[in-house]
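Lettered A, B, C, D and E in written order, each chain numbered from 1.
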Amino acid sequence: MTPKLYRQIKKAGFPRKVLTPTLERKSKVVKISVMDWTADSFQEKEAQTIEECFPLRGKEGVTWINIDGCDEDVIQKIDTHLGIHPLVLEDIIDTHQRPKAEDHGDHVFLVLRMIYFNGDGSDIFSEQVSLLWGENFVISFQEQERPGDVFDGVRERLRSAKGRIRKEGADYLAYSLIDEIADYYFVILERLGDRIDSLEAELMSGIRREMPVEIHRLKKNMIFLHRQMWPLRDVINSLLRDEPRLVTKTTQIYLRDVYGHTIQINDTIDAFRESLSAMHDVYLSSVSNRMNEVMKVLTMFSAFFIPLTFLAGIYGMNFEYMPELKWRYGYFALLSFMAALSVFMLIYFKRKKWF
Amino acid sequence: MTPKLYRQIKKAGFPRKVLTPTLERKSKVVKISVMDWTADSFQEKEAQTIEECFPLRGKEGVTWINIDGCDEDVIQKIDTHLGIHPLVLEDIIDTHQRPKAEDHGDHVFLVLRMIYFNGDGSDIFSEQVSLLWGENFVISFQEQERPGDVFDGVRERLRSAKGRIRKEGADYLAYSLIDEIADYYFVILERLGDRIDSLEAELMSGIRREMPVEIHRLKKNMIFLHRQMWPLRDVINSLLRDEPRLVTKTTQIYLRDVYGHTIQINDTIDAFRESLSAMHDVYLSSVSNRMNEVMKVLTMFSAFFIPLTFLAGIYGMNFEYMPELKWRYGYFALLSFMAALSVFMLIYFKRKKWF
Amino acid sequence: MTPKLYRQIKKAGFPRKVLTPTLERKSKVVKISVMDWTADSFQEKEAQTIEECFPLRGKEGVTWINIDGCDEDVIQKIDTHLGIHPLVLEDIIDTHQRPKAEDHGDHVFLVLRMIYFNGDGSDIFSEQVSLLWGENFVISFQEQERPGDVFDGVRERLRSAKGRIRKEGADYLAYSLIDEIADYYFVILERLGDRIDSLEAELMSGIRREMPVEIHRLKKNMIFLHRQMWPLRDVINSLLRDEPRLVTKTTQIYLRDVYGHTIQINDTIDAFRESLSAMHDVYLSSVSNRMNEVMKVLTMFSAFFIPLTFLAGIYGMNFEYMPELKWRYGYFALLSFMAALSVFMLIYFKRKKWF
Amino acid sequence: MTPKLYRQIKKAGFPRKVLTPTLERKSKVVKISVMDWTADSFQEKEAQTIEECFPLRGKEGVTWINIDGCDEDVIQKIDTHLGIHPLVLEDIIDTHQRPKAEDHGDHVFLVLRMIYFNGDGSDIFSEQVSLLWGENFVISFQEQERPGDVFDGVRERLRSAKGRIRKEGADYLAYSLIDEIADYYFVILERLGDRIDSLEAELMSGIRREMPVEIHRLKKNMIFLHRQMWPLRDVINSLLRDEPRLVTKTTQIYLRDVYGHTIQINDTIDAFRESLSAMHDVYLSSVSNRMNEVMKVLTMFSAFFIPLTFLAGIYGMNFEYMPELKWRYGYFALLSFMAALSVFMLIYFKRKKWF
Amino acid sequence: MTPKLYRQIKKAGFPRKVLTPTLERKSKVVKISVMDWTADSFQEKEAQTIEECFPLRGKEGVTWINIDGCDEDVIQKIDTHLGIHPLVLEDIIDTHQRPKAEDHGDHVFLVLRMIYFNGDGSDIFSEQVSLLWGENFVISFQEQERPGDVFDGVRERLRSAKGRIRKEGADYLAYSLIDEIADYYFVILERLGDRIDSLEAELMSGIRREMPVEIHRLKKNMIFLHRQMWPLRDVINSLLRDEPRLVTKTTQIYLRDVYGHTIQINDTIDAFRESLSAMHDVYLSSVSNRMNEVMKVLTMFSAFFIPLTFLAGIYGMNFEYMPELKWRYGYFALLSFMAALSVFMLIYFKRKKWF
């Protein structure tokens, strides 16, 4: 199955219909993990209720709350605690949004989409990741828990205090999360690129009947990635252009770096698409060439034997008076004539460069 | 029948010719339904004449008049009552306008187009919906009465006082109507997307002769939707950009949300179009492949039997002197030679990977 | 004959070569018709010389002079009378200009192109219409007299004093003329659209050999219309954007309306073009499918009879010792074997879904 | 040979490599022709050395020096005399520049490209024309002398004092030269357009095997013209936009006229390109149709005769016991059956609309 | 092997994944060459350690340090010495960046990509060149040492004090390096253009089966070049537009010249791409034509001989009563009839213009 390009979810209270590719949600289990640090302390725990993590504002240090599974209650409580617009709440719960950035002054709300392969690596899916970040906190909402999260790298750096991540503010953490999501596109592209390359190498040496379908599948993957990547680029660009109060000059530089990467990814997607189209052209030419070969074999066989068979037919007739039949060397004369005709035909086809 | 891409209407007094896809208008019955509410009251009725609803300005609360069937008289009266530009009147009556937004200071005039499937769901059509909204009223003009109106959801929310719709002003009502129209595109796209998906799945496993026509039909639907959607997006964008006096800050936020949806719809339409083009390519490749298969069968049969038949023809000739015919085992020798030739041919075709 | 995309005219004094599609000019007869009105008077006449119409400036009321046939003398006199730049004169005479608008302060000069079908309706041609309009006059230059002029509607409204045309100034008259020209594109598109629709309907049920040529012809018509329409849109847009002194606020609103129509026309042309391309794809697929059908019939016939004929050939040989020939039921045994082989072949082709 | 799209010239002192299509330079003979005029005098001569023409600045009247053959010495002397940037010198000598305009305050430097057909009119080439123009002089550099120069018209007008050319300044002369170059594109397009038209007319009535190559050649010509025209348009636009001090208001108006022409030329090139692509589609369809015809003939012949031949083969067998052979009217019965079968086949193919 | 469109490098400390085409790095040997000059002195040496070259700031004259092989230690030291942002360091080491320009006030950082053919000239690869340039120094970082460096020309000019290179500042040196890199694209394009031209010439006279693959390879090269060139153009443009403090007015003029070249290169790449697409179309048409030829030969042979063979089959039947067989001239009558039929067929095919 190729990735579905759309999905509609009709939830009781939410008449909103959306069109974003996604997998069936498997669980609604909510898992809340909290990391809390100042310049010299670091603390990590799993919270049972979201209230454990409050208050978020006015605290010292930075808090990162990661919520797997978008539970309405939990989000409602955060909403009430921080005084956030109800549309933000809706956007987090309805996980089929287009990536977007909203600067609400004392907090920035980002909708991002993370892509990953499905189980057997045959298809790509996307999942919504919402980021809500304020002066000294970042809350990330993921659709469901997933072992081998793309955020594991960030967690590791936080725990080991590697790099500057524990020295900088909440915006640097937000940048790190965005960066991980964007970088994961490279991983996906890398794997798809390998497939394109091997398909191309195969195509150069010969054709298989399944190739158009495989090219089509890769093309659809590229359409899908393009649709995911383009708005992500816009989101980062709007963070750079609008310069929200919460993004420091330092983080701006890092964000510009991510922005450059998204452009590179888009360039690569475009190059892959062009490449796939060109491959389809090569495939079609090859099929035509093959057909030409087959036709030539048929035509040569027919053109070679049909006249000979006709001649044999002539002398297989039962007319009473056919003088040639009586000739002593009639048979051999005919065989010789046939041989001569064959040689002539061979020369003719050779001249026409049919073989 | 595929959706007509244009239609011209020549009405007596209106020499204007227009090019918007539409269904034949079936009735000119006018139905006026009025909803009237303040913070604490709500009233709903069917008006016989438009005058019953006046005055519209200066009243407390919000009034929503929905008019099914564009009768010139009725619109003329509203025109006179509210002092509206005659071109607006023309635009309402001539239901083939391109979506547009006009800010006239004390009222905003919107032309929108609502899409829906025809009876058996095989085609899409569009109908004009005009919105005229002022300080405390919204008048919506629909081409004709239609059971299962897209506005039913709004009516329900008004009656049950669900959400914030009865607490906000006329602009929020206008937003709600726009939102319903835009959301209905998702429903249409959802259904078309299902068709595309099932056609694609079918195409992957085999081809049918009708497929190009079906792909063509879906493509035309996409061209049609694109033509309807693109100006709708512009309309909402101009409401956001020009910030008319009548649109409050609160409603702006909601409109921005709808705007995001229209972008998502356009993305999806584009992805569908690309997908359909790619499917046509796959179809063409498959037809070529099929032809190749058929040609191979023909060529193999011919190349296999034509030489053998020739040989049989040779020994069917009636020459008096053909020494082989007299040989004791001539017949069996020939049969053996034929068998050997057959085996040779089989090996040859096998090597050429023809089967 | 498809519409020529270009034409060069080399006139003695004008070394300028131009590239605009046009018909051969048939006559150089000049016809000058004048309409003159104030709020309460209306006068219409045919002038023999252009001097009869002077003075144009400083008069009360509005004067509309329509000149059929671009005579250099006449234009030279107007030029001298009004003091107009010689390039404007050249542009009127050399009727192969691209549509353009020039604001010269006390007069606006427009070059427009009017399209119409040729005699038998098989092709589209365009003719230049130049408008020169000042404070209280409009001079329109047409290439030649033509019965059933697109301006007849405006003349009728002027004579009958219908609408606001006699109440407004020269700019409203100019708008009315532009509006008529733009509206006529709808008529042309309407007729072309009907042809596309009927060709499409025909294509859906079967193919004819002439279809690609017909599609090609319609495509060229669309290329032609696009080339005519696009600059017209620019002309109207520049009148809106540059706000020439001679265009009143009221007329601006009407011009904006025409502008909307030109966008709609362009949208429709684009949709038609896409549609025609898609139709060509369907045609190609159908041809391929047809060929496939033909090939299958050939292959089935061949594959069915070739082995049988070979068998018959075997037993037509004249070997002296062919034991089967002597068998009592050899003939019937062979017939039975052939029948069995036929059934087997039928089942094989059925399995391969060849019929 | 189709026009080469690029050429590299590696000259001793100039490591710059360039990519502009051009013909081999045939001669390095330098010819300097000078025209000199004031309001009442006119003088024309051929100069042996460039120094004869100096001083250029501070003189009364306008001087036009046309240099055929780009000799480094000559240009070096002009350079020194007028104090021009060395890059300008390089650009004149290295005749593979992209058209560009540089405003150096007291002189404007233009690089233009003139196109012309080669000897037998089969291909298009371009040659660089550099214009260096100051307060009261224009120096034009052409790659080599060429009988029937495009500037002959200007020379003629200067000699005969026709038009305003001797009354205006150096910038009007420069405009006239640019105008001649731009107008020559119309001539080229005219001739190519004739070829396209006749090829199209031919295509409509039947196909030839060389057509794709001819379409390809015309396409390449269009790619070539587009590459030459696009920067020319930019050059003129930059003269209009940047309003160099040396371009008077009067000349601006004329330049705007040329600018309009370049847009028209670009429109025409685009229309031709689309037209050629559409013609290729028609060609492909026609080839497919032809193949279909051929296949039908083959299939009909085969399907018609193969069963009959099989029947004849049956009764040509030599079985001892074949009862039909003994029947009195067996032969005629078989002939009748064959006739009936033929009629049946004819009806069948007629029904399938194969002929 | 066609050029890989992407490559991922995963280095221990750098979790960044990148997508730029590159060759496997062969060595990590670092070579530091230093050139040092003032108006009257020039010194060239190979440094063992980077510290030998310090201090860079505040010195008189200009220093150019070229480092082959991106060693982290070396770059770290430069970083520390000059106080450069760590992201710059990362960008130099991770040699898969998209070209970009960063103005840091007291130094400008450029990432450029140099293209070159691989060993046997069959493929194109790109290598990162980073330039870090300050008031009086330029440091260039190349991925590895390479005999026949593109910078050799600059070195030569420095040594021989040719041109203005030793008279100008560090920015002129930087310009010279950029110019060499951009100019090398012309060399590559020149060679690819030759290949395209010869392939085209070959295509015009006949087709080979490998042509689609060759066209595909050249297309991919163009996609690759486009991806490399486009950002290079942006880099130079941003240097022109942002006018960094370090770029003098003089150098601006030279940079504008390079900018013009990059536009010319992009134009040429586009023209080549269009040309290659058109060539693929020609190829497809030629294959179709060929198939048509083959089919015609087959059909003519079949249609010619099948009826004749059938006739021969008829008179080869063994019916006892076949009156024709007994006729005296039956055999000759049949032969004459066959001859007549043959002539008729020949005329028929001639009329159909099959040969």
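We take it that contacts are C-beta pairs under 8 Å (C-beta built on N, C-alpha and C of every residue); 3 or more make two chains touch, one makes a residue touch a chain.
Quantities reported herein were computed from a predicted structural model and do not represent experimental measurements.
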{"item": "Intersection of contact partners for chain D and chain E", "value": "none"}
{"item": "Separation of chain C from chain D, taking each centre as the mean of its C-alpha atoms, in whole Å", "value": "26"}
{"item": "Approximate Å spacing (C-alpha centroids) for the pair chain C, chain E", "value": "42"}
{"item": "Whole-Å gap between the CA centroids of chain A and chain D", "value": "42"}
{"item": "Sites on chain C at which at least two other chains make contact", "value": "284, 288, 291, 295, 298, 302, 306, 309, 313, 316-318, 322"}
{"item": "Order around the closed ring of chains, commencing at chain D, then chain E", "value": "D, E, A, B, C"}
{"item": "In the complex, chain B residues that touch chain A", "value": "153, 183, 186-187, 189-190, 193, 197, 200-201, 204, 253-254, 257, 260, 263-265, 267-268, 271-272, 274-275, 278-279, 281-282, 284-286, 288-289, 291-292, 295-296, 298-299, 302-303, 306-307, 309-310, 313-314, 316-322, 354"}
{"item": "Contact set on chain B toward chain C in their complex", "value": "1-2, 4-6, 8, 15-20, 85, 87, 97-98, 100, 209, 211-213, 216, 219-220, 223-224, 227, 230, 280, 283-284, 287-288, 290-291, 294-295, 297-298, 301-302, 305-306, 308-309, 312-313, 315-318, 322, 324-331, 334"}
